[in-house]
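These are the structures in question, set out in turn.
Paired with chain B in one complex and with chain C in the other, chain A is shared by the two complexes that follow.
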Partner chain A sequence: MNTPALKDWPLWEVFVRSKQGLEHKHCGSLHAADAAQALHMARDVYTRRQEGVSIWVVPSVAITASNPDDKGELFDPAADKIYRHPTFYEIPEEVGHM
Partner chain B sequence: MSTPIDYLLHLADNAVVLGQRNAEWCGHGPILEEDMALANVSLDLIGQARLLYQRAAELKGGDATEDKLAYFRGPHEFRNYTLLELPHHGALVGYAAADRDYATTIVRNFLYSALMVHVWDGLQQSADASLAAIAAKSLKETSYHLHHSRDWLVRMGDGTEESHARAQAAVNHLMPYTEEFWTTSPAEGAAVAAKIGIDVWALRPAWDALVNEALAEATLTRPNFHGYVTEGKIGLHSEHLSYLLGEMQGLARAHPGATW
Partner chain C sequence: MYTQAMDIPDDSGKKLAAVSNAPSEQEAAFEARIDADGRIEPQDWMPEAYRKTLVRQISQHAHSEIVGMLPEGNWISRAPSLKRKAILIAKVQDEGGHGLYLYSAAETLGTSRDQMLEGLHSGKAKYSSIFNYPTLNWADVGVIGWLVDGAAIMNQVPLCRCSYGPYARAMVRVCKEESFHQRQGYEALLVMMKGTDEQRAMVQDAVNRYWWKCLAMFGPPDADSPHSAQGMRWGIKRISNDDLRQKFIDATVPQAKVLGVTLPDPALKWNEARGHYDYGQIDWAEFWNTVEGNGPCNKERLATRVKAHNDGQWVRDAAQAYARKQKERALKEAA
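Entry: the complex of A and B
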C-alpha cells in the first residue's frame, strides 16, 4: 500500500442513501487517501445519526460540473415552458402520490 | 471476591477506561474525520460500559447504580487491563498532550478489539441473558473498531519510514501488556465455571492469527515477550490509572447526584 502524504489526499464526494429515500443524495465531501478509506470516513462523518443504509464515494475530480456563467443559456430557456410540468392533468385518486 | 459482578466490572472497566482514554483525542485528532471516528469509538465503548455497569448494579442490588460504579470506586477497585489505561505514547515520554502518538492509539485499539471481537462473540452464549444481549450489540461495534484500527495499522506500518517506525515502536511498547489477557483472574475463573464468562485462554490461537496476519501485512515485527505480566484486572494498576480516573471522576465527585 502506498498512501500519499496528508496534504496530497484527494477530495471525495459523499452520497448517502437514507432509509426512506430511494436514491443516494449528495451530503458533503471529505479528504481521504483512497476509496476504501473515504468510505470509512464517510461512515464516521455522515452517518452518525442513522442517516443512511448505503454510502457511495466518488473522486471529486471525476465530476464534470456545468459552469455557473452558462446558467443563462442552459437553464433560462426552460423558464417559460410551464407546459412541461404535468400540472395540467387531472391525476386520478387511485394513482396516489406521483 | 469472585462473583459474576466482578466479571461484569472487569468488562465494564475495560470499556470505560479505554473510552475515556480515546476521548482525549476529541478535538485534537490528526484530521477531522479521525477525530470523529475516535469519538465514535469512545461513545461505543462508554455505551458498552453503561450497559455492563447497569447489569452489575442490578445484580449488586441495594443502592448500587451505574454512576456509583463508574465514578465512586478508586483505582484499586478497577478491574481493567493495564494496557487500556496507558497514555497515548511510549514509556519514556512526558505527559503533555502534544506528545500523544496516534500509532500508540491505533495499535492499542487494534490489540484490544482483536481480542474483544472473540470475547463478545463467545459471550453471546452467556448463561446471563443480559450479558448475552450486551455482547450481541457490542460485537457489531467492536467489529467496526477492529476494522478501523487494523486499516490504520496497515497504512502506518506499510506507509512512510516515519509512520513505520512509530507503528513498530508502539507495537514493541504495547505488545507485552497483552500477556495479561491470557492469565486467569479469580473473577474470570468463577464466571467461566458459572458459564457466564468465557475462557479467554481458548481464544489465544484466534487472536494470535488475527494479530500476526495484520502485523505481516503492515510489515511490522512482533516482539518476543519476556518479563512482568501486568495485573490490572485484579486491581494492581500502573500509575496512569489514577490520573485518568481523577479526570473522569472529578466532576461527579465534586457535584454528587448532579443531573443535567
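Entry: the complex of A and C
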C-alpha cells in the first residue's frame, strides 16, 4: 500500500469553543495537508452537532508540554500553600458571606 | 493531548523489555496508579505489553468503525425515503468520525496511521466480524442500528472508564453519538412493523439472521479468553465478555417484545433464580471461521475498502501539492 501523501500530512490539534464567552477546549487531533484543510476537516469531524462556534487548529509539533518526570518539582510546591485558598481563613459568622 | 509528536522515543521499548523482569520504580508507579483507578496519559511510562495491547485493541476498534460504513453504505442509494437517506448518511458519516477519533487515540501510543492502514489493508489486522455478513434487505439496516449498535454501546460504555486517557475520551465522544444510531434503527423497524405482512416478515428475517452474530460480538466466553484477565487488571476492560453479553440480552428481550419480533433462540427464558435470561449455545466455530477470513463478505469488504483508499490517492496527493504550492508562494511574497 503506497500512501506517501498521508505520511506527509502533519498532525493538528483541534480546539473548539462551544459557545461565545467560553474558552476553546482541546477536543482531538487530525491529519491534514495544511491549516485551511485542517480547519475544514475539524468542522466535519468535531462539530457535526453544533458543538462549536469557533475552531482553532494548531500543528502538534508547535506544542511544548511539561515532562511527566518533572511533575513533582513543578506541582508539589503548591501542595503546602493552603493559605492561598479562601477556606484557610476563619471569619466570624456575623460577618456573613465574604 | 492527542499527539504522538512528543511521545517517548522509539527505542524505549527495547530498554523496557530488558528491565521488565524486576519491577522497576516506574513499573511500581504505574501499578499504583492503576490500583488507584487513575488514568495513564501518552507521556507516562507504561509497560510495553500494556502499550501493545492498547494499540491492538484501539486500532481494531478503529478499523471496525471504518469497515462498518460499508454494509450500511450499500443502502444509502436505496433508502426508502429522503428522510431515511439523510439519517443513514449522517450515521455513516458518524462512523467515519469514530474511526478517526480512535486512530488518533492509537497514534498517541506511537503507532502511525500508515502502519494501521497497512495492517487493515493487508488483512493482518482484524475488525469486528459482524461486518462480514451481508445486508440483504432494508430491514437489515434497522437491525444493524438496533442490535449491532446496541451491542456496540454495551461494549463501549465501560470503555469510557478505560485506564488509558485518550481512549477513554474518544469513547465518551463516540458513546454520545452512538445513541442516535440505535434509536434510529429501532424506530425504522417500528415503522416497518406497522406496515404490511411482507414488511413484518422482512424484519423478522433480519432479526433471525443477525441475533446470534450480535451475541458473538462480545467475544468468546470468559473461560476461553485468556487475555481478558490481564485487560481487566490493567483497567482496559471493565466488564467481562459474558457479563456484557448477559446485559445485552436482558436489555434486548423487552425491546423485541415491544417491537413484536421473536428472538430466534428456543432456549431464551427468564431465570428467576439468576435474575437474568438464560440463552442457548452460540456457534463459536462459525464465529472463528469468519474471524479467520472465511465469512461470506470478508473478501468483498476488504477489497472495497482498499479500492476506496486507492481511488482517493489522487485527492491526498492534490491536497499535499496544493499545500506545498501555497507555502512556496507565501515564501516568495515574503522575500
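Heads up, the rule we're going with is that the second predicted complex is superposed on the first by the 79 of 98 C-alpha atoms of A that agree within 3 Å, B and C clash if a C-alpha of one lies under 4 Å from a C-alpha of the other, contacts with A are read in each partner's own complex, and residues count from 1 in each chain.
One rule holds for everything that comes next: a residue touches a chain if its C-beta (ideal position, glycine included) is under 8 Å from a C-beta of that chain, and two chains touch if they have at least 3 such contacts.
It should be emphasised that the depicted structure is a prediction, and the values quoted were computed from it without experimental measurement.
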Chain B versus chain C, judged by how many residues of chain A each one touches
C
Contacts for A:Asp8 in the overlay, against chain B (first) and chain C (second): which applies, first, second, both or neither?
second
So in the superposed three-chain picture, is A:Ser29 touching just chain B, just chain C, both, or none of them (first/second/both/neither)?
second
Could you say whether A:Ile63 touches chain B, chain C, both of them, or neither, answering first, second, both or neither?
second
Could you tell me if A:His40 is touching chain B, chain C, both of them or neither one (first, second, both, neither)?
first
Let me test your reading of the model: by the given contact rule, A:Leu74 touches which partner, first (chain B), second (chain C), both or neither?
neither
First (chain B), second (chain C), both or neither: which does A:Val53 touch?
neither
Share the list of chain A residues that count as touching for chain B in one structure and for chain C in the other.
1, 3, 5-6, 30-33, 37, 44-45, 48
Spell out the residues on chain B that touch chain A in their complex, using ranges where they run on.
30-34, 36-37, 40, 147-148, 151, 154-155, 158-160
If we count contacts the way the header does, which residues on chain A are in touch with chain C in the complex?
1-3, 5-9, 11, 13, 26-34, 37, 44-45, 48-49, 60-61, 63-65, 67-68
Touching residues on chain A, where the partner in the complex is chain B
1, 3, 5-6, 30-33, 36-37, 40-41, 44-45, 48
Write out the stretch or stretches of chain C touching chain A in their complex.
1-6, 41, 43-45, 90, 93-94, 97, 100-101, 104, 107, 112-114, 117-118, 121-122, 170, 173, 177, 306, 309, 313, 316-317, 319-320, 322-323, 326-327
